[in-house]
Amino acid sequence: MSAALPPAAAAPQGNGLTELLGGLLPDGLPFWALALTGAVVSFAIIFAFIAVLAMFATWLERKVAGHIQVRYGPMRTGAWHGWAQALADGVKLLIKEDLVLTSADKPLFKLAPMVVLSTALAAFVALPFGPNAIVADLDLGIYFIIAISSITTFGVIMAGWGSNNKWSLYGAMREAAQVASYEIPLGLSLMMPVMYFGSLSLNHAGAMQSGWYGMHWYVFSDAFWIAIPSFALFFTAALAETKRAPFDLPESESELVAGFHTEYSGIRFAFFFMEEYAAMYLMSAVGTALWFGAWNFPGLSLLEGTVLHAPLAVAAFVTKSLLLVFVMMWVRWTVPRIRIDQVMALGYKYLTPLCLLMILLAASWEWVKAIAFGA
Amino acid sequence: MATLQEPAAPASDRSYWGNVWHAVKSTAVGMGITFRYLWTKPFTTQYPDERLPVDGRYRGIHYLEQDLCIYCQACAKACPVDCIDMGAQRHGKELEWEFFSIDYQKCMFCELCVYPCPKDCIHMGEQYSLVTEDKSDFLLELTSWQGLTEEQKLRIAEAEAAKAAKKAAAAKAKAAKEAAEAAAEPAEPEEGKE
Amino acid sequence: MANSTKDPALRAGERLVELDVRTQDVEINMGPQHPATHGVLRVLLRADGEILTGAQSHLGYLHRCAEKIGEKVDWLQYLPYTDRYDYLSAMNNNLAYSLAVEKLLGVEAPERAQFIRVILAELNRIASHLVAVGTYGMDIGAFTPFFYALRERELLLDIFEKICGARLTYSYIRPGGLMNDAPAGWLEQVKAFTELFDKKWGEYWDLLVDSKIFVERTANVGVVSEELALAWGCSGPMLRGSGVDWDLRRDAPHLVYDRLDFEVIVGRGYRGTVGDCFDRNYVRMYEMVQSNRMIRQCLEQIEDGEVQHPDVGLLLRPAPGEAYVGIENPRGELGHYLVSDGSKIARRLRVRGPSFCNLAVAEHLLPGCMLADAAAIIGSVDIVIGETDR
Amino acid sequence: MEVLFEAARDAAAALQAAGFEVELHQPNLPVYAPEGESKRLAKKHKEEDPVHEWRGDPYLALKDRSRLLELCRFLRDELGYEVLMDATAVDFDAEDEHLWGVYQFLSVGRKRRLSLKTFIPKADCRVDSVTAVYPAADWHEREASEMFGVEYLGHPDPRHILLPDDWVGHPLRKDYQYPDEYHGISCK
């Protein structure tokens, strides 16, 4: 579909991890054993990644917030700039009393954090960290991520309802309204890169941005004038989807005390916390994969075939995603919070029509290119 | 944009693209400000490690110049919350201090106790953090000694000795006078002459 | 979504709003421990979904019997208690009380004391408005402007600490003058602050007030019409925000305000309707600039001299009589109604707190708004619970 | 401040012309108080003559409290006092037979203040609520009612405001006895 696709950048096939396992495990193992081992190992990797990420991100968030607000943030735990603060908090949350209200709807209350975290984990399987570093290279990767990450909403609603607290219920209902509305602009805003790359696979999109010595990112491509506004639209919708300020209405601490997780404590609260950072990272990673060249950076192609290639590619991808996570934090500590009806108005009156307009423009651009360059 | 002069006309552009433009612009301006501060030195101090110096007039925990105090209770009477309590025995000019305490659960550091003091002996100090796990620790004792010091005892002894000596001298003088009077009795008519 | 437009002409007793579709109401306790109630205020909200249909304030969680204490301690001893009703503007409270007692005493403070009083009152107004604007940002959801505002306030507190030794509860302005004269270098420190503040002020405007989201959250929300504001006895930025051109500093000149050149900021619907939350905040923002201007003029005009009236000592015995004196506090008119019988203790000491009166109208603005607006409206009234409950 | 009170005389004249029994009290002139109480007031200052100095602001004394609401309406509509700044009560002395009801009015348009005093007998501690004219009186009257035991007739919401709902007694009355305890909390 795209004329700009360099011929070398055919989408890599298969999953690096399964290939690796297939090589390591003894021959003659049944297929399901391989698949099961792959699944367990992938889960362990993703869970460890999210746990470390959440810890790092909490620390980062507090430092970013602190320095933006002309203060230091945590400084006392650990030697250097309170680096162990998140670790200490994690331990504290683990050993804290796990309170379940007597009036709570116990099954829902207990299930909610699990649903929330497991959906966030599930979405990570379709995320390409490197050329082959993907758990499941789905043809419909983007579709899968959008679909699975919206199940989080169920968890939040369960938490809000199960807590038997009016503030929590408000948070849950806001989440339901907000996320359901923002699925539309989020999905639509992803259509622009999808049209450009002609694929719903993130791995494919990443491979297609490796041209120009690793700088053929969507935002630098011929369609940059579509890419930049469409990224702004995507980013706004992603903020709403991940309940980040200015769209943090489900928790909005100055109105709803702490929203849907008011009644949670200890490790259950930590699950919600990890989910928030996992979701932030997930959305940033999707943005990176589609707009900012996934794992590509200048010079990476020179290392092709060496041992360094895969780790550097993964590092580049994670760094770029974390930069976007930083931008999310930066936005959070700058702007006030929107009201629920304005969230709806923004979603339906601004983001959705603008996304449709961008889709029209992107489609016309592909058409113009096809006519002009005969691709 | 911000101006110290009031803007001339109310601005309320609520058109569709006006809203979009205002949202994008104001968010960008705000993010510019926050980004600038991300790299400036924080304003805060790391409290327990570094402390800001307090000014000379700072109203912290009191200190008492006990040797000047005359136990007049003026400060206790001036206190709006009755947090000053004191007790002492007088031995002539010397004071045998029992206690001079301020209850910092009540004290509101208003400095009203300082002004009526005739000897200017109670002051507000520079210490401010009174951190404790026990409420009874807030009842601070300001005296540096209780009872009588050796010096005071000495002075009291001296004073008593002086008093005794004076008494003795007076008695002596009286006796002498009486003796003199007795001796001078015959001379009385002479006085009468005068 | 049901009709969520605010009805500015909402009548006093009318606390319920009819919606297109009614579902079962939810009763929510906002407070006494809630992030947006600025202390221990409890507002019992009745809501139909996100839309409030009724509101009722419950006060008294911080009631400390100030008026009863006033009948138990002598005139000067009451001074520290005045610090504690509106603890964010304690200098103004001291000033209000001192002026009332001075009226009964029939004395006037020396000129230098009056200048220093005005400087302190205006500095304190800036400090108070900084907290008001900053915490209002927090109610709306913006944390960062609060820290910037507190940063400048910290410099102000240093100034207060230098002159009186306390950072929050000053007890510095007292009947007859001041506790003591300004120390050396203090006026220069004030001057340095006024110059710095003009530079920093734009940051709050750009970061918070001009932010699109802030405008959307505050414009046309919680509209207090002129009639409503007057009928409910609002004062201060709440009254001026509604477009009423009334400022006791200009209209009832006391101290040396008549020698200063300043403007009274009045809400004019800069981003929406006159009297909305944005206008109240707008008034506070520009009042800070005007206060800064007044301080600079005072610094130019101040001369050396005495700071305490020679006849006023520590034990006051005002003549029998009664006086009501109200001055323009950062939050509105702080009135003291004093009744003296000639003894050293007041017969009656009535405090008319501006927050108390301004809050009364807030309760009537809430029905018809959204739940999130409750935080915005209560924040825009800028209450200090120490004063509503006294 | 004095400027604002200067208009008290005009207001008194206008009210008297409208048929209200009001008396203007100005500083350093005889104080108006109900029969007997003014004498005792004077005695307090060791003067036999009820004519004694009474400093501070001028005020209007309304003799007949039943016409309070009517007077307020007249003040607001005819004399332009749009704002009720403060409404409170005063118990000058435990032996007095009357409480004072004190109202502070403000005219924003004409830059005037007015202080109005009415007398509420302690034996029949009732007075009309002025909330119908000035909604601002709502909370002030609730406070005065719980602190002094004044019953404001026609008040829309006569609950306690600062004190707990089950508080006994009226703390600002001069004859108030402190309770020993409140719900098991010692008040001593």
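Per-chain numbering from 1; labels A, B, C and D assigned in written order.
We adopt the following convention: contacts are C-beta pairs under 8 Å (C-beta built on N, C-alpha and C of every residue); 3 or more make two chains touch, one makes a residue touch a chain.
Note that the structure is a prediction, hence the values are computed from the model and not measured.
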| item | value |
| --- | --- |
| A-B or C-D - the one linked by more C-beta pairs in contact | C-D |
| Subunit C-subunit D separation of Cα centroids, rounded to whole Å | 25 |
| Geometric centre distance via CA averages, subunit D-subunit A, whole Å | 66 |
| Chain centre separation in whole Å, for subunit B relative to subunit A (CA means) | 61 |
| Centre-of-Cα separation between subunit D and subunit B, whole angstrom | 42 |
| Shared interface positions of subunit B, touching two or more other chains | 19, 27, 30, 33-34, 37, 43 |
| For subunit C, residues contacting two or more additional chains | 144, 148, 151, 207-208, 211, 213 |
| Shared-contact residues (touching 2 or more other chains) in subunit A | 68-71, 333-335 |
| Pairwise chain contacts, counting only pairs that touch as defined | A-B, A-C, B-C, C-D |
| Touching residues on subunit C, where the partner in the complex is subunit B | 73, 76-81, 83-84, 144, 148, 151, 154, 158, 161-166, 169, 171, 179, 183, 198, 201-203, 205-208, 210-213, 215, 219, 263, 265, 268-272, 286, 289, 314 |
| Contacting residues of subunit A [partner subunit C, same complex] | 65, 68-71, 166-167, 170, 173-174, 245-246, 248-249, 252-257, 333-342, 344 |
| Residues of subunit D touching subunit C in the complex | 1, 3-4, 27, 41, 44-45, 52-57, 59, 82-86, 88, 90-93, 102, 104, 108, 111, 113, 115, 131, 134-136, 138-140, 147, 156, 160-164, 171-172 |
| Subunit B residues touching subunit A - in the complex, by the definition given at the top | 19-20, 24, 27, 30-31, 33-35, 37-40, 42-44, 46 |
| Partner subunit C, residues of subunit B touching it in the complex | 1-4, 6-7, 10-12, 19, 22-23, 26-27, 29-30, 33-34, 37, 43, 54-59, 78-80, 108-112, 115-116, 124 |
